[in-house]
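Presented below are the structures under discussion, each in the form of structure tokens.
Next, two complexes with chain A in common: one pairs it with chain B, the other with chain C.
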Partner chain A sequence: MKLKFLWIEDGAIADYQTMLGPVFVSGKYDPVIALNVADGIRQLRQSRFDAVIVDIRLPPGESSEWARLYDESRQNKATARLGLKVLYCLLGPGEEDIRIEGMPDWVKPDRFGVLTVENKSELQEDLDRLGIRVYRQKTARTPNNVLIDMIEEIKRQMQTE
Partner chain B sequence: MPEENNLLEMARQLTVFDLPLGVYLVTRGGRFVQCNSRVREILDSPGGGPLGRLITDYYCNPHQREELKRKLEDAEKQSRWLEKQTLSFKVGDREVFVQDYTRSIRDPATNEVLGYLCCMVDVSEEERYRQLFKDLPIGVYQLDENDRCAHVNQAVVDMLGYKSAKEIEGRQVQDFYANPDEARELREIMENQGSVVNKKMELIKKDGEPIFVSLSALNNHSPDGEYAGREGTMMDVTTEERYRRILEDIPVGLYVVKSLNGEDVITHCNEQFAAINEFNSRNEAIGFRVKELHASPGEYSRFISALKDSANRDEPLHGYALNVKSRRGSKLVFEVNSRLLTDRSGKIIGRAGAVRDISEEAALRRKVTEVTEDIGNVLHTYSSTLLTLQHLISPVIQSMRPDPFDGDKEMIADLAVAALTGPTEQLASSLQKLMELARSEDRSSALPEDDWQVLSHLFHILRNVEQQITYTELRPPTIAEAANKIVEVCGNIQKGKFPKEALRQVRNDAQELLRICNLIALHRARDVIIEMDHPVRALREFVTSNARKKEARSVCKVSMLISQVIHNLYGFARSRGVTFKQRNDSQNATVEVIERDVIRALGNLLHNAIKYSWGRKEGEHPWILIHTFTEKDQVHVAFENWGVPIPKGEIDQGLVFHLGYRGKLSSDRGRVGTGIGLTDARRVARDHDGDVTIDSRPALFGGREDDYKQPFLTTVTLILPVHSKQREKGEKNEA
Partner chain C sequence: MPPQLTETWATAYLQILIGLFIFAIGIPAFAFQLVVQEDVRHVTHRRMKMRIWHASVVLLLLACVSFIWIIHPANLDQNSNVAPAMAPTEAPEMDKTYEILQAYAGSIIVTIPILAIMFGFKLLENLKRENVVQGLEHHLEKTFDQSGFIEDSTLSDIIYLGEHGKSGREKKMALDALGRLAKHVQNSGKYKGCELEELIRGLKMILDNGARPGEEDDFYAAAAILRDIWNRLSEHNLSSNHDADMARKTIKHLSIVAVVEKSEPTALTYLEDAAMCDSGIVFEIGLSALRTRRFLIATAALNKLEAMAERHGLFVDYESSSNLLGLLSHFMATGLSTRLRAESFFAQAETSLDSLKSALATAFIYHYSNGSYDTSDRVAELQTTIESGGLRAGPAVA
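Right after this comes the complex of A and B.
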């Protein structure tokens, strides 16, 4: 049985395509790609995923609510991290900017991982509050099997719990 | 009694003219009939008998007599005489004030007025005081023992904005103070000290407006020594006091330095100046040798030279950053704005100025300069690195010939997939052959079953790549990964278990497929390098623009600037397969600009146009229209491209001009950028009194304006003023 995972990442196709090569070739995973927030939320509503990997800086997609939040947050570059807002809306301890209705029960922090260019020290406080433990930073040295690595860590984490 | 009777008899013998005050009798027309010596004394007419003049000859205002007659008539109707009328007489060169008492003498038969019997008392001295009290240009007031206003003069009335003294007199003085505590404080001072001099108090006018007065007052005492009120003067000093308070409250140090005995000494300063120089008070600062506040003698000399240089240009010194050593030894940086003071002969006698502590700002400026230089260096290194990579990649690509890709064309997914189709099929076929050759008894000894499963899976991927990988962009890396895996797994096959030819064929086909995949990756890397080259250079130019020495403006032909920009971006345009179409309706237009900046600005706009262009028709290269025209003394350089839309909201709200802002659709097809190009271009345009405008609308007729999946026609225009001489020439020709 293939592990089904969702990768919410606007650069998945254009910038990070080499990260998906090992995923397809391994034959063990069933990747679904969402290039923006609206698409990501739609996918979460539609299917159950074994793992969800989220970028921190994301475009809103076709959603006026998320677009408004995106425009507002971009006025201040320090807060222009829509992916983080999405995570708070999905998992956060009551700090939602937008209330996401109808999210299935399986949407829990232990199924989520963060893959981003942001430094861990910048995010640690948020990750702790969100309860997300799987994190990888995109750097020039990031291996192209990073997605597999993260999915396996999420899988182990869930098995442990 | 006899004595008293005798006295009465003697008094009866006296006439009214023997009374000890001025008594005179005049006809109805004012001719003197009789007067006593006191009248002569008052009117300075010694001698005896009647005065040979009319009473009106003495009136400063002769018409006043007619008014008095009317008043007398009214009084006598009420059985009274006219009393205490103050008259102003002209006696020689003097003005004499008398208080007059009058009754008429009437014909008993007809009751007709025959004349007037009057008394006069010289009140010149009292009247002068009264007049002085009334007319003094400073306020004079008197309070009674309960601090009620007993008398105020007209100046007080005017100062407080009332119509008459009556509106003020009788009211408690506290009513006129802005702050009741101040009124109580003054009363305490008066009780303790008996007087105050020039104390500044805030009062409230009738209309509620506050005013400041300078008040001097002295207590009055009753004969038994008790407080009996006070009297004093007050001057309206509202303007002075407001300025004084502004100077004290303003968070800028103000000072005057004068040369005294060869030393520059602080002669005046406000509290703020004293505070930022870490004096305990203003008084401590006054008289201090200002040279001791400068960080070093050299710093002081440089400052004086700068001050004199400015004075030679007939200008004050503005924004001079001065290193200071405060009274307590703190090292500070002040921004000084100062002007030399000279006497009437032009000799320098000192200077006046304003200082502001900019120590934190100066440290920040230093940091910004350092960071600017650092970033400049880093970006310079990036440019070099990009060039190195480009030079490293090119020979590698050459060494991997035959190259199915055009050397200058952008590596788009469709091209890559097209080039991979044949070799992928080839590898799938040879792999299929190999797997078919594997007899069941040799199969497990040649390769573990798991590896066979892997090969089977990889074969499946290669054969059905279009169904397996729906995103075209993801096929090349997946195919490359699959080919690598096949090579790896086939390397594990035990020798002698298969015909060498079949195995070699799989390896060769896999290597060929990898070669194409690697060429795709190298071409793509080269595209990214070329795309990044301009943003990195432009970013470096932008970051270091303030650190560079400001370049002079020069007159340039716009067509020359455009040619230069096209030349700079030719490589990038070629890599994207973009061509240019030029329409020049302003062949000889010139502008007076900083050439380097304007070329960078135009380059930013053209780079965007290239980056965001799509092919207009299947099989046709994308192209950009560069249209130059002149309108209302301004040259417009418009870059029109067909491709990625700019959402209306981003244009209307000016978001696209925000530093670092990348549009919602700007990362379309993996386009890279810094979000600085448009900001920089508009800044450059505005520095030259021009602007940048943007228009983006659906390219196809009838397209919805909010459908951003369709192509848009985007026009970004750099507007610059036509060079003034050319403009004048144009105007003359027109005339």
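Right after this comes the complex of A and C.
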């Protein structure tokens, strides 16, 4: 059975060849892509995933609440950091900007990973508070199998717990 | 008291009025021809023809009556057949009233063309493509709220503008309007699952127009609209309704166009949409990609089909299994690398050899009965390979 993972990343389609190519060729994973926050939350509600990879810079999608937060940051993905806000809403210790109702029980920090252009030092404090340990920085030199690496790390992490 | 017209006066009035109207209507009309694009003109003419005709006639009549009634100098110069405006200005007997009327006539002659030109420019502003599209969209939303159905003629106008608009910004205007309209309709309590047929068909017409096909961004925009429509249909449990069927057909059509003509990211976007709908479309995408040697797309489609088939329990669901085995059989026959990818599926498959053979027999019938002889032949070849032990690795569970 393939490992089903959700990748919430607005640039996922552009990274298809580089990052998802190895995923398809391996035949071991079933990727689902969400291009924005609203789509990501909808997918989390609809299906159970073995792993969830989240970008920090995300557009809001079809959601007035998330669009409001985005507008407050002058519609700038880098300053809005909606991905981080989503993680706080899903996993955070009572620091959510928006309350997300009806999240399933499997949504726990050990299933989540962060793949973003922000470097680790900028995010370390947040990742610690959220309990997320799987992190990779997206750079020009990021290996093509980064998604497979992250999913396998999340899988190992869950097996040890 | 009605004015007393002489032949000379009537001719003079007529000449002035005709001159005024040619100027007042001609300048904006010339600008209209020059500035407004042909497709916008076509829609505007179609929608505003009668209104403009009526307005012109009423305006002409009003102008005639006011000009003749107010300015006619019958009271001043009953015996003269010379127009006051043309009368010698040095005439010593010209009285105060005459001066006022002359000024009034002058002001009409100056202001009417100015007003007409201003009105013309205002009209041109309203005839900007974005304003026309927006106006049509608002009209459709309003009429849908009132009647519960989308007015076909107005919808056709938006689609026409999208079809004939330039790729990129102009097509996107129409696509965005259709996307917002679909959202408005589906979020309305009046939506029953069959109101968007023409709108969805319109997406195909806008993108797959031979003379002006959509570019990558247009295909992305349409994919997002179709995805949103599909998601809202699923939320309303209407995935087996009429609109769902039309969305499925449109995704299939545009997917194949995207695989053959567009970039990989665009084709893969449609693959994501197709995977939401049904395995048949994913199979078609995979096969088209394989035939056009776009192997990443083909592999992505195969991966999707594998996941879809596994979701129901491998080889349990007749349709998804048959589509998966159909594509796998093409992978087996295309080349060494594609064969390796196909064999990696069999090596990992958690199934018995017997159920694989049975599923292959079913897949043969499925593709044969659909008239896909090419695929059913490939499936038969795969059956032979498996029965002769020709796979490098058999199913994971023997």
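In this section, the second predicted complex is superposed on the first by the 152 of 161 C-alpha atoms of A that agree within 3 Å, B and C clash if a C-alpha of one lies under 4 Å from a C-alpha of the other, contacts with A are read in each partner's own complex, and residues count from 1 in each chain.
We take it that a contact is a pair of C-beta atoms (placed from the backbone, for glycine too) under 8 Å apart; a residue touches a chain by one contact, two chains touch by 3 or more.
Keep in mind the model is a prediction, meaning the values are calculated, not measured.
**Student:** Once the structures are superposed on A, label A:60 by its partner contacts, choosing first (chain B), second (chain C), both or neither.
**Tutor:** Touch partner of A:60: chain B, not chain C.
**Student:** In the superposed arrangement, does A:30 touch chain B (first), chain C (second), both or neither?
**Tutor:** Once the two structures are laid over each other on A, A:30 reaches chain C alone.
**Student:** Is A:156 contacted by the first partner chain B, the second partner chain C, both or neither?
**Tutor:** neither
**Student:** Would you sort A:20 into first (chain B), second (chain C), both or neither based on which partner it touches?
**Tutor:** It touches chain B and chain C both.
**Student:** A:2 in the overlay: touching chain B, chain C, both, or neither? Say first, second, both or neither.
**Tutor:** second
**Student:** On the A-aligned overlay, A:42 touches which partner chain: chain B = first, chain C = second, or both, or neither?
**Tutor:** A:42 contacts chain C only, not chain B.
**Student:** Kindly list the residues of chain A that each of chain B and chain C touches, one partner per complex.
**Tutor:** Shared contact residues on chain A: 13-14, 17, 20-21, 24-25, 27, 33.
**Student:** Which part of chain B faces chain A closely enough to touch in the complex?
**Tutor:** Per the touch definition, chain B meets chain A at residues 454, 457-458, 461, 468-469, 471, 473-474, 476-478, 480-482, 485, 649, 653, 655, 658, 660-661, 664, 667, 669-670.
**Student:** Show me the residue ranges of chain A that touch chain B in the complex, using the header's touch definition.
**Tutor:** Touch list, chain A to chain B: 10-11, 13-15, 17-18, 20-22, 24-25, 27, 33, 59-60, 67, 70-71, 74, 77.
**Student:** Using the touch rule from the top, collect the residues of chain A that touch chain C in their complex.
**Tutor:** 1-2, 4, 13-14, 16-17, 20-21, 23-31, 33, 42, 62
**Student:** Over in the complex, which chain C residues touch chain A? Could you list them?
**Tutor:** Per the stated touch rule, the residues are 183, 228, 231, 264-265, 268-269, 272, 296, 299-300, 302-303, 306-307, 310, 341, 344-345, 348, 350.
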